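One chain, subunit A, appears in both complexes that follow, with subunit B as partner in the first and subunit C in the second.
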Partner chain A sequence: MNSIQSFPNILKWQEHFQRNELRKFALFLRRLAEKVLLTEDFTTKTPQKLARLIIETSKLLETSIQEAPFEFLPSIDDFIERIAAHLRYIERARITQTPWSLVHSAEYFFKQQVGPKSNFIIRPTWSYNYSLIGEFWGFYKTVLKCWSWFPLDELKKKLPFEDNETIYCISFPRIERQNCLLHVNWGHELGHIFAAKWMETNFANMWTIVQPEIQKRIQDHVKKNPPPVDPLFKEVAIHDSVARLTRKTMDTARSGLCELVCDIIGVHLFGPSAIASAFEFASRYFLDVSPLQCHYYPPWRYRFREMLNYCEEDFENHSDISYHGSVIKPFINWLHQVKELTYQKSDIQILESNIITKEAYDFISSKSDIIINQVISLLPSCSQKQYKLHERSEFIEKLVERLRHGIPPNETVNLSKNPASLQDIISAGWIFQIERSSKDIKWGKIEDIDVLFRLVLKACESSHIQRIWGPELNKKEE
Partner chain B sequence: MSTLTKEKIKKSLNRKDNTLIVTPLLTESQIGQSSIDVRLGNQFIVFRSHRFGAFGPSSKNVTEPRKVQERQIINFGDDFMLHPGVLILGCTFEYISIPNDLECQVEGRSSWARFGLQVVTASSIEPGFKGVVTLELSNVGTVPLTLKPGIRIAQLVFRTANPPIPNPYSGNRKYRCPIGPEFSRLYDDYDWKIISGHKISDKRNMY
Partner chain C sequence: MEDLGMTAKLFETSSNLQLASIWLKRIVEGEQVDSEGKEVLTWTGKFLYEVDWSSKIPQKTSVGGGLALQATSVRPTFYSSLIRIAPKFKEAGMKTEEEILNFLRCLYQNLLTLGAPGKGHKKLKYFESKLGALLLHEISESILIQINNNGFPRTSISLKDEWEPSRNEFNTVIS
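On to the complex of A and B.
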């Protein structure tokens, strides 16, 4: 009672209490993050970077909350709650939780695409999905910049990374940890960074040009199928309905386009392996679900059609392509079977049965080629060229041969100075898996798959270490 | 049975068929006069000695190796401290595949042995073996040793197997294409079950 009496104003007392609570939250968060950091068993340095960001931010919040105006307290509370949730990305990125043999080479590959200042946390999630989260540092800066009382410059000085670095988190389904071949889906997730860049600057402009026509067609449609209201309100109801449908059409087009562009980026970077992994991932779902019933995701059949079209050169009978021997052929035949699935147009029928999806996907199909080219131009020059299986077939066949003999496909001969790339290793893994299962119905037991995953994972690790250390060690030797 | 010298090792590494595979060899200097130096991998198996009393084929003891040992993975370039009197399982970074006309011996390097590091391994690796080699590393010296994945830790000495084995390492194999140190599979010994006198948990098959 005494302490309350020392505050003349109950509001002041409440404010004091609230500040203390927030300070306590910040302190607890800092301690938790410090504890996580102490484990030191992360595959890369990126989870530690995020942990340090949380620690330093909470430390400064602890001391600066006193300076914050009262009306900022709810937003501080919200911010602490949000960054506390970021701890789970760090906790799950511990070495035993990840396919660690793959993580280094994957992050190396991602950095090549997004830039050397980008950092990636790879962590499992219990939901059966792949996703990209972030960018974290950008989020912190955006919020903290608005708080003039927060010493943002001091925070920047304390961080173990530069101001222009970025931190993303890529998730994969926990249950598929070992399934390195499925993780080609990371290519799609990486695509989201580029798709978001394009969307941010171009989508609105492009949509503004086509919107009047789309709105006109939606209006005609609504007029033909007016909402069941009193004639007195008919015009208003039609107007409302047109606005709502147009808005939803835009959302459907934007999300659909984004997903399709990401699919194409996946194929661009990894070739037909990206189709194989998307197909495996989608195998548990219906192929023709309307985007309106599926969080605006395009139907899988539509997605496969687009992906297959993008790498058509790899599996159609072009006179200049010859696959040596028969190692790759079963994989090519398998792709043809996927293609056959796309001959059926049931997804198109679903899309055309609704004015929203029809207009959205008419827009997508008319613009996708231009947009894909523009998004691909955002990739670094080393990745502008599409990864084509048929151009790598001779090398990949040798890698597949190694898998057949129970040897990791990280190089083709002993003492090679040319370790296989991540894309080549993954392609070899897919080709081997499909070839084996097509030729031997007994193949595919859990032990067989397990050995395949282990060999591919070991290859990813070996080729990465060889690429990083090999040149330097050899230089010293010379 | 004769030991392969540098020239013969190189020949075996370059054969078109029935090749000796040691991958990746980061530098050619790993091939010595009569051996190949191999590097330390980044997976280890350590004892959880605070969790059990004894291990062995008795119903009173723990019979499941995974209960008494656990896998630890560290990054290449990071330190692994091996304290005096401690035994751990490590593995080679290189994945090896032994052709049917060779057998292999894994030996420690004298440079490390002088500091007390013993690399005790199953004395010979059979023709046809594929995988990384599990190394039983122990520090019999008096000072802690800092091991780093990637350092040269042991050497492989090859001998010819005469006549070559027609179906090498086939049949019911205990260890299939391992890429890290393997837990002991003593329980796979046909007599283990009889001697231990109790049912072995199915968990042993979990990877």
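On to the complex of A and C.
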């Protein structure tokens, strides 16, 4: 048999082999997901929901792969690989891996912001980073809808949650598990949900208005220094170069805007504590790195400037409420030092030195105020009002007083009907930490910090229990 | 943030282009286009008009911002795919850039008319349909490879040419 005659047979053999491999892959994934599901020591029900989604999806893929056109096998493989990797979020959400006393109150807080149909997995990651992954169910639906041979409706019927529910995963650095003060960075991550909602409906329209102008300036720039030309593709080569630069500009603008908006959401929800935790996180990195060198993230100095501007009111001395008194003053002074770092404009020089970042950040600075207002309007009515430290100072000072006595700051009086909010507890923790370390240079040993973290974590748990069960217990007492 | 929404969108684009590629081949074999095929071929025609800056259609149908944004993301992949299959254009007897651009315009029109001839364009010949299908397959596959790196791990510590000066990307504004 010559090679031409054998060619179709080889293709058939390859297709048969590939299909079988994928079916096996789906089967292994299902079995593994079932094993993970058997582990029942999860803090909340959300990890199980994601596990069920993976099990049911792989079960249906296993039986329907036979119907898929050959050309789609690589994308099916990629999808299975991708959802297999989602199992790690479930596996890492076990009680021992998480700051479990904070998980319930954090998820409650997230649900308050995003809505009762939202679900959150909180898990550690070995890399030093905070992140939000999701939304899972939306991702599964979008991909599976592209494959007409996949029984999506059947999958929906088998799921242990409703079609309009959402599942997200919020990650934190494993090494910081106990560091509840740093976990205020979750406010930024939560912001990604709202930023994504805004981006989905508004960014395209806003960008398509400005893109022709930007594209024109980029084209002029490329024409001054044209790329090496293939005689067959003279026009195409220039288009190619302009297309790459334009896409990079759009990606820089979109990602930069998204991060900045999320920073503001963090500050909006948690007040200056969000700046403190962002600063603690960023203090080990360079402040003025171009977004083109680090996956489109804005320079830290730029970010701090924007965050500090947003809570300017908290820096003013509100004499009528004894704000900036001895308890809060060290914290405000500390933030003033962060502010001083932003007086230097070296980040702006970096951004302006390149056509991509210059165009992207001109766009961002001209639109950010409007966009931030629009994104804030997406928050629920209970969170429309910005959390302002000076408005909470009197209450927070009492919580700090409890920390001084080694008592969890979940309330100001014993068996209170008004438990402290997550934001107040965290603010008290930050204020206490900065005050102690500014007054006593010996303070800050691992035991000191450990005690502080435990008290704050305990407070988060207790206030959550008080909030959820308190009204019921009160009724019974009456 | 790992943006699953963005990944899903790219998956969708890749799937649509792959399906359109399959349908182009089916049409040339004489198969009737069903409703799914109709939807995907029309979408692909509109999308490629938006992607290709050389398409120069006199009365461009207005597309939504979402499609325009998707086009900006996919455009470099489109041009790279075009350059990659250049030998196939030469094999098909296209010797000048103008001939290739004319072929592309004809391809987009055929996608919109589901393979039928129309005002200002001819029906694609057999080899042209195959070439068009190959281009769509190439773009689809290229998008998928960008998502999954073809199964290989992504290197995280190798130094990369982050400013790509050879492609004009980091010529400074002030220079």
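To be clear about the criterion, the second predicted complex is superposed on the first by the 406 of 478 C-alpha atoms of A that agree within 3 Å, B and C clash if a C-alpha of one lies under 4 Å from a C-alpha of the other, contacts with A are read in each partner's own complex, and residues count from 1 in each chain.
Assume a contact is a pair of C-beta atoms (placed from the backbone, for glycine too) under 8 Å apart; a residue touches a chain by one contact, two chains touch by 3 or more.
Keep in mind that this is a model prediction, so the values were computed, not measured.
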{"item": "Touched partner set for A:Asn205, first subunit B, second subunit C, both or neither", "value": "second"}
{"item": "Touching partner for A:Leu37 - first (subunit B), second (subunit C), both, neither", "value": "neither"}
{"item": "Touch count on subunit A, higher of subunit B and subunit C", "value": "C"}
{"item": "Touching partner for A:Ala196 - first (subunit B), second (subunit C), both, neither", "value": "second"}
{"item": "Which superposed partner A:Glu352 touches (first subunit B, second subunit C, both, neither)", "value": "second"}
{"item": "Partner chain in contact with A:Leu152 - subunit B first, subunit C second, else both or neither", "value": "neither"}
{"item": "First (subunit B), second (subunit C), both or neither touched by A:Gln293", "value": "second"}
{"item": "Footprint of subunit A on subunit C - complex, ascending", "value": "1-5, 7-9, 11-12, 14-16, 18, 21-22, 36, 53-54, 64-66, 68-69, 72-73, 75-76, 78-80, 82-83, 86, 89-90, 96-97, 100-101, 137, 141, 144, 147-148, 151, 162-163, 166-174"}
{"item": "List of subunit A residues in touch with subunit B within their complex", "value": "41, 43-44, 95-96, 100-101, 104, 405-408, 410-411, 413-416, 419, 447, 450-451, 454-455, 457-458, 462-463, 465-466, 469-470, 473-474, 477"}
{"item": "Residue numbers on subunit A that touch subunit C, as the complex places them", "value": "69, 71-72, 74-75, 77-79, 81-82, 131-136, 138-139, 142-143, 146-148, 189, 192, 196, 200, 203-205, 207-208, 211, 221-222, 225, 227, 230, 232-237, 239-248, 250, 258, 292-293, 352-356, 358"}
{"item": "Subunit A-facing residues of subunit B, complex", "value": "13-14, 19-29, 71, 73-76, 93, 95, 97, 130, 132, 150, 176-179, 207"}
